[in-house]
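Look for subunit A in each of the two complexes below; its partner is subunit B in the first and subunit C in the second.
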Partner chain A sequence: MSAHDKLLGLAARPKVAVHKFSSCDGCQLAFINDAVSLLELSTLVDIVHFAEAGPLDEFAEVDLAIIEGSVNTKHDIHRLEMIREKAKYVLCIGACAITGGIQALRNYQDEKGLLSWQEGVYPQRTDVIIAEDLPTAKPISAYVPVDFEIPGCPITSIQLVSAVRAILFGVEPEKNVDSVCVSCKHAGITCVMVAKGEPCLGPVTANGCEALCPSLGRGCYGCFGASKYANIKALKQQFRDMGLTEQQITHKFQFINSQDAGLQGE
Partner chain B sequence: MSHYYFLPHQRIDDMLSALKSDGYKCVAPRYHDGSIGYDDLNKSSELPWGYHDAQAPGHYEVTKTEHKHAFGFTLPTTSVKPMLFKAKENVWKVARNDEGKLAFEPIVEFEKIAVFGVRPCDLRGIEIQDRVFMENSYNDVRYVKRRENQFLIAMNCTKSHSNCFCTALGDSPFADKGFDLAMTELNDEGFVVEVGSEKGRVLLDTLNLAAASGGQAQAALSRIEAAAEAQTKTLPPIKEVEAKLMANLEHPQWDDIASRCLSCGSCTQVCPTCFCHTERDEPNVLGTETNHTREWDSCFSIDHSYTHGDTYREDTKYRYRQWLTHKFSTWRDQFRTKGCVGCGRCVTWCPVKIDVVDEINAICK
Partner chain C sequence: MSLDKTTKIEIPILARVEGEGALDLEITKGQITKCDVRIYEPPRYFEKFLEGRAPNEIIDAVARICGICPLAYQTAAAGAMEQVFGIEISQWAKDARLLMMLGQWIQSEYLHIHLLATPDFLGYRSGIEMAKDYPNEVLRGVRLQHLGNDIMKLFGGRSVHPNGVKLGGFWHSPKESAVKAFIPRLEAALKDAEDVIKFVSGLTFPDTTIPFTQVSLRHPTEYPVIADHIVTSDGLEFHVNDYDKHFREFHAPQSTALHSTTLDGRPILLGPLSRINLNFDRLPKHIQDMANATGVQFPSKNMFHSVIARAVGSYWALERALQLCHAYTYTDTPSAPEKVCAGDAWFAVEAPRGVQIDHFTFNAEGKATNIRISAPTSQNLPCIEANLRIALEKFGLDRPDHEIQLHAEMVIRNYDPCISCSSHFLTLNVTRK
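The block that comes next holds the complex of A and B.
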């Protein structure tokens, strides 16, 4: 079904909920940081659940559930299924919800490794990760069907407001498919890889961040996930030519969006 | 009397003042954080004095020397294109009034800009884009206004970088037309200046410059010739390239390129002649009005070949082939000019060092 057909049934004044799973809350802040747009939006929709902003009604029937964060616990799965059941449409926001996010790096660790990470992060032993919980951090789409996604770590206010606006118009939110290189060139930013020898994921990463890191002289970290038709093999070869070790290259790709299918390759 | 004049370095500021009193904003190549690109110029001391650049495939480096010249580098990182055909701009907006009627408002923004230091290849880039945006059945009102309000001071090349290939296309690093003033820098002294338009003559008259000596004029020409001779890249005659590319659409080299190409679009975005663009609407939150924007697109973008329900160039191989064959072959059918000026930016700024000249030679062998 096309997005247009799918959205034909959207209520004239939709009910919206904003949910959080394992995440830093940075993507929800895209709403709160642009308070004027959020207030304007509230004249068009009813925001029934948004813990970060005030309203609480977690399992209310809604037209649109906006979900941030990844699924890490059995309790998460249960809650997610309830939310999905009560929502007509699900919009996932940010790297955690779409690819598992940075916490999905745990997927590469066994129990022992995870314990050593835990000891490295927390000053004393905690039960922050309980034995019965899931051994992986996974995206929302690994457990329930997702209608729309907007990538980023974090997403921007413009992305979020535009996506909701598009859904209200009954059309699919626009996807970022071009590379960060395009954003750099549009902004007149000198290529950090060519001019500074900085290894940069920009050529394989979807734009949408206005090339934030290259504008500050740093290589792209790949926060927005793979651009469409990313040639990972060619970029890895370039990193080798620049003198990066295989481990350094692996660390480049295993970061914000390590589970992104588009960022895999030799 | 020689038809060349001489502008000593000490008098650049007089020229800038004259341009400013004519209402022009001056723009010139300037050094910033490891690269030289166009920026606003208020005084001559802001020029990239002593800076040199080294360029190779996927490589760009700037070094500071003690030389007393402002144009000792080859090319700025960007061409003049972004001043005429902007990377992104609003072209119109539309609002719905209380009665539900749509009111459209065109947006045409321009300012008077004098560009101090345009390399001959970039001048040819403007000439090619004029054909696209002004001398075509389709006229872009913004481009036309900006061109009318532009003052171009060409700067002949006294050096070539290793990716330069204007001579391989039958051109030279010498500005032969399309400028208001053309200059050639002589080290430690100043510029030999030539008039290219009435606008240029009027400006020069206000400066009351002395004629260049025969020796200065000759030195300037020798320096340009040396820059031409320093270029090492070669191509078959352009007519042959145009024919052979189209006769080799299934050449195995296209697959070879596709294995290396990131399809990132950098080559098209730095190109002084690429003109493809896409349009978008940016509605306000309430959905009562929208900005209609136009921004640079690229034939390397997957959406670029999406036409009524299908993507025609799904593979990088076909996107690269589209770019190369358009630039070096079908451009002539479309606009009766070459599509490339040999500035070499697509080679320098390719993150994986793909050299367009090498690829053409491999296919035309």
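The block that comes next holds the complex of A and C.
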């Protein structure tokens, strides 16, 4: 079903809920930090649940559930299933909801390794933590069907408002297929990898930040996840040729979006 | 309502706080017998997955602990690492870090005052609701908040997870014209900020005294943002390196956040109220006069005065930011050269919510082998619980559950708790016996 067909039944003034799972709250700030947009949005939709901003009705029937964060606990699987059941559409915002985010670095630990982390951080009552912790931090789509996604760590207010506007118009939010390199070229930013020898994930990272890091003279570290035509193999070879160790290269790819399918490869 | 049986009140989710949490309240025969703030924000293990990582990756990563105060984590982590490695950062970088931190204060404090705290005092469920009756006040708050965000963007490209700070200083130096453009905005903001102080002075504050040890950073010459001494209302002043000689961090079973107390188990209070109480002498005379004109005498032991402390502290922040923008010059060496060595160090900053203190240990290759990151909300948790007991008993435990719930939430929101940080939302369960 196309997004257009899917969105045909959307109410003229939809009910919207904003939910948080495991995250830093930074993507919700795309609403709150731009309070003018939040006030404007509140005239277009009914915000029935948005704990950080105030309204509370967690399991209300809604047209659109906007979800931030990854799933790391047993309780959250249950909560997510309830939210999905009550929502016509689910829009995931940010790296945590889409790929598991930085906390998905735990997924590289075996059971014993994770136990050592749990004991290291919560030495007195590790049992309370173990009872709830899942072995992995996973994206929302690992547990329930997801309709739309906005990538980024964090997402921007413009991305969010554009996506909500698009959905209100009955169209799918635009997906950016380009890499960060495209923004560098548009903005006339000198390539930091070529000119300064800074390792940069820009060639394989989805655009959306307007080449923020290269504009500050530093390499991209992959906040927006893999770009559509990412050539992982070629970039890893480039990093080797620049003298990076295998561990340094692994760390580059295993960071904000380590579980992103598009960032895997030799 | 009978006082001698068990009753349950539930606040399913605490609103207008950052993160996920709950409050379990048990009232037996008119006395609070249990008051647990439960933080169920899932653990994310930053302290562990950053072991073995390179310093600049750590700076980018720690921002992700909290979207609201990412820079406090970055500034503390960078500061600790520079101490370990013996990197002396330039005065330019020190000033730039202070300016950026002031931007974060301005952003976070005005957000809290307008969208999170004042709706409580004025009887609204949210800032969105309050904006219908107080459009000018809310929009003034938004203007100030945006100004803070824009200062952060100057150096970091964005205000949430900024990308400017690196080991040794900054990745780039903004152009002078970009920084000087803030001068007229900051000058105009001072008038707004003065009006905010008057606005919050007119609120009605419940009368509650909390007798806990207040803790803040202490700077040799000015109001503390980045400083290496800790001062307490018990009359102690010591170097941040001695943190563990005075405070203890522990894991309470109701929470995924670590708690802190004094060594003998007393709660500690961090944040804007402690800052102004312990550093009133570090405010310029005209700002002291503005604080005195609010009708509140500092030092105050009433946590509801935190909103005034925020407004006054933020006025200072705007004025200091203005000075820094006037003095700003471009540099082509925004960073000192990087180097690494084995060692360990403490470093602390005043996040908007209070002292954020880190301890890092590195091996000779410059890889972190042990990391401790203590968020202000975690350190405040025992104090929040103790404050709730006092405030609710004073408020009256025989009141209807929904009134108790609202009052409890209001007490908690005074702390502007940042729960993603502290473990990184709140359900209230009241049991009456």
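As a convention for this text, the second predicted complex is superposed on the first by the 246 of 266 C-alpha atoms of A that agree within 3 Å, B and C clash if a C-alpha of one lies under 4 Å from a C-alpha of the other, contacts with A are read in each partner's own complex, and residues count from 1 in each chain.
Methods note: contacts are C-beta pairs under 8 Å (C-beta built on N, C-alpha and C of every residue); 3 or more make two chains touch, one makes a residue touch a chain.
Values in this document were obtained by computation on a predicted structure and should not be read as measured data.
Asker: Between subunit B and subunit C, positioned on subunit A by superposition, is the outcome a clash or a fit?
Answerer: In the superposition, subunit B and subunit C stay clear of each other.
Asker: With both complexes overlaid on chain A, does A:Leu91 touch subunit B (first), subunit C (second), both or neither?
Answerer: neither
Asker: Could you say whether A:Cys24 touches subunit B, subunit C, both of them, or neither, answering first, second, both or neither?
Answerer: So A:Cys24 only meets subunit C here.
Asker: After lining up the shared chain so the two structures overlap, which partner does A:Trp117 touch, if you call subunit B first and subunit C second: first, second, both or neither?
Answerer: In the superposition, A:Trp117 contacts subunit C only.
Asker: Pick one for A:Lys228: touches subunit B only (first), subunit C only (second), both, or neither.
Answerer: The first partner, subunit B, only.
Asker: A:Arg218 in the overlay: touching subunit B, subunit C, both, or neither? Say first, second, both or neither.
Answerer: second
Asker: Between subunit B (first) and subunit C (second), which does A:Gln248 come into contact with in this model arrangement: first, second, both, or neither?
Answerer: second
Asker: May I ask you to name which of subunit B and subunit C touches more residues of subunit A?
Answerer: Looking at subunit B versus subunit C, the one contacting more residues of subunit A is C.
Asker: I want to verify one number: the closest Cα approach of subunit B to subunit C after the superposition, in Å.
Answerer: 7
Asker: Would you mind listing the overlap between the subunit B footprint and the subunit C footprint on subunit A?
Answerer: In the superposed arrangement, which is not itself an observed complex, subunit A uses residues 217 for both subunit B and subunit C.
Asker: Can you name the residues of subunit C that touch subunit A in the complex?
Answerer: 12-20, 40-45, 47-49, 53-54, 57, 60-61, 63-68, 70, 107, 111, 114-115, 119, 125-129, 131, 138-139, 141-142, 145, 149, 156-161, 163-164, 166, 171-172, 250-253, 256, 258, 420, 424-425
Asker: Within the complex, which stretch of subunit B touches subunit A?
Answerer: Against subunit A, subunit B makes touches at 33-35, 37, 58-61, 77-78, 82, 87-88, 259-266, 269-270, 280, 282-287, 295-296, 298, 301-303, 316, 348-352.
Asker: Report the residues of subunit A in contact with subunit C in the complex, numbered from low to high.
Answerer: Residues 20-30, 32-33, 35-36, 38-39, 42, 47, 51-56, 58, 72-73, 75-76, 101-103, 105-106, 117-118, 120-125, 128-129, 132-133, 137, 153-154, 156, 209, 212-213, 215-218, 221, 223, 248, 251, 255-256 of subunit A touch subunit C in their complex.
Asker: For a test of understanding, state which residues of subunit A touch subunit B in their complex under the given definition.
Answerer: Residues 37, 40-41, 43-44, 161-162, 165, 168-169, 174, 177-179, 181-182, 185-188, 190-191, 193-196, 200, 202-204, 217, 227-231, 233-235, 237-238.
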